[in-house]
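Chain IDs A, B, C and D follow the sequence of writing; residue 1 opens each chain.
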Amino acid sequence: MSSVGTPDPNSGWLSEEELAEARRRLPLLYVEALPVRVDGVGQVTEVGVLLRANAEGAITRTLVSGRVLYGESIRSALFRHLEKDLGPMAFPLLPASPVPFSVAEYFPFPGAQYTDDRQHAVSLAYVVPVTGTCDPRQDALELTWMTPMEAASPGIAADMEGGRGALVRAGLASVGALY
Amino acid sequence: MSSVGTPDPNSGWLSEEELAEARRRLPLLYVEALPVRVDGVGQVTEVGVLLRANAEGAITRTLVSGRVLYGESIRSALFRHLEKDLGPMAFPLLPASPVPFSVAEYFPFPGAQYTDDRQHAVSLAYVVPVTGTCDPRQDALELTWMTPMEAASPGIAADMEGGRGALVRAGLASVGALY
Amino acid sequence: MSSVGTPDPNSGWLSEEELAEARRRLPLLYVEALPVRVDGVGQVTEVGVLLRANAEGAITRTLVSGRVLYGESIRSALFRHLEKDLGPMAFPLLPASPVPFSVAEYFPFPGAQYTDDRQHAVSLAYVVPVTGTCDPRQDALELTWMTPMEAASPGIAADMEGGRGALVRAGLASVGALY
Amino acid sequence: MSSVGTPDPNSGWLSEEELAEARRRLPLLYVEALPVRVDGVGQVTEVGVLLRANAEGAITRTLVSGRVLYGESIRSALFRHLEKDLGPMAFPLLPASPVPFSVAEYFPFPGAQYTDDRQHAVSLAYVVPVTGTCDPRQDALELTWMTPMEAASPGIAADMEGGRGALVRAGLASVGALY
């Protein structure tokens, strides 16, 4: 299986223009992760939420998230985006099961539970325990750790991009940490 | 949510040529269904497997399967493909949960658990009870009902396209019907 | 498997006294159901919550719930309690999968997520679409249908016995209906 | 929640005699674990199966398994039995989600999928990655690591106690490792 996880850099990934075109024609496949800290028996004690400046410069909250590339396995995509957003020392423990806790469908029009102005995206969402030190990269400004109860609060939900507050709650529910 | 499920026919779906192009550049999103009959307490009693002539004219076995279109919800895609492959009187009971029992990753090269010569496809797979009469359409020649034990047998697995024998077993395991 | 589901009435079920004794010594196994109405593609549209007078005469809200008996399968227990609480014409569609959306652990002391003064109970919880007419029996006074958003609201959660508001939310999250 | 996990040794656990009595009257709650080794992206590479001498002195294969005690959380019971069967240096990573991959129902009569001569037991089964060194204790003679394909083979299934071969396959299917 190891060959599956390593996309061939020459296999024809998309230019920015082609990606923009695809975004108007096809649902794009994403993976999403809710980073958590767990105690010795696996119970979630803290949830990591990213603070990010969006395209308009506003500060919003979001999850680890990104596209699955051609030829890339879901596990590899999940690992790659966790490393990109949390840094190389986060040491995430990817789930043994590839079944997501939720499948979030983002549509570029109002009325949908999850929205994304740019595209129709379908995201497989996972709860991922991290055991190391998180050092957010790229456009993420900060990773905030909070209790499950804070993470599920209306205030945090209101700050989340694209309706992801509901996804955080679903993730917490899947690990028995939604009150 | 109802507007979500109905794709706009003018929203820019792909020509055959564009689809062929996309297939070389992006993972395509599919849904897949294992049709089953259940008894009064929900226990699976029979599994429906499609007999189909593939592109080379060989007879192979497969599941209900198809692409998710731009703007289409997963539930709508699942319903559309069930109707296409089982006919309008199958009366499928779509699962209340949108979480698949398995995420099957098809790659166009050997060594992967699931393979598809044409493309990199990621398929969300569901067990779907059907309550009506199945009347396969289009290129499906026949729907064969068999016991869970037959459906999981090595003989049936060997006839399944792209390694889907493993997917049938995973589906049966998810409903407690793999022995 | 059919013999499994029918407990032998002579197989030694417990007297009231023996049950009280067992309750102080062993975790008791329960099943719990969140009755729902679904639309044509399986999306949950309404949730049924029971209004019940508890032992102290107070009116509280709860779910379909009850013990698994010796020799009884989980599916049979679920069906029996659905019939007892919703009447014989509810026509519940039991899930094909025996995997619960949540395992609720009730402890007879404060600080636990779920509490039950009488006992340590472990409850396997399922979302169950019902297609017929509900006519609550026994000590249930009324079945109230509400939207998923109402069912997840703090007001309803506050009325639920033993912390079951969290269980309702987890059930809704499992079917993509928690906002 | 921490107080939940630590049963009070004086809270009235059962004598051998009382336990024998309870076994004839109530379904007993068990937890079961399939120990696995995973690679850097969470993919299962090896499965641990216990070799054990059963009550009749025959050598059989089984999983990590044991009862949930009064007042004990499922997570604590799982941890306790993993430590008992794999030793204190196994360093199991308990799943963040308390939802089992399967609920195995053991009945003391033939015809059931899972059988147990002693009792009606309902077992919540989990796949548990272990990261340390396993040193089986007590009545377990040996832990054998094998590939997922070997673990799912008919030969191994035939050696498993009480029909647990099907449970191993369901566990492998839940992590995408059943072929």
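Here, a contact is a pair of C-beta atoms (placed from the backbone, for glycine too) under 8 Å apart; a residue touches a chain by one contact, two chains touch by 3 or more.
Composition by chain, UniProt nomenclature: A, B, C, D = NUDIX hydrolase family protein.
Just so it is clear, the model here is predicted, and its values are computed rather than measured.
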Contacts common to subunit B and subunit C (chain labels): A, D
Pair with more cross-chain C-beta pairs in contact, given B-D and A-D: A-D
Distance from subunit B to subunit A - Cα centre to Cα centre, in angstrom: 26
Inter-centroid spacing, subunit D versus subunit A (mean Cα positions, whole Å): 32
Residue list for subunit D, restricted to those that touch at least two other chains: 1, 73, 98-99, 101-103, 113, 174, 176
Touching residues on subunit D, where the partner in the complex is subunit A: 1, 5, 36, 38, 40-44, 73, 75-76, 78-79, 93-99, 101, 127, 129, 174-176
Parts of subunit D lying in touch with subunit C, wherever the complex brings them together: 1, 3-4, 12-14, 18, 22, 24-29, 68-74, 98-103, 105, 107, 109, 111-113, 120, 122, 124
Of all residues in subunit D, those that touch subunit B in their complex: 102-103, 113, 166, 169-170, 173-174, 176, 178-179
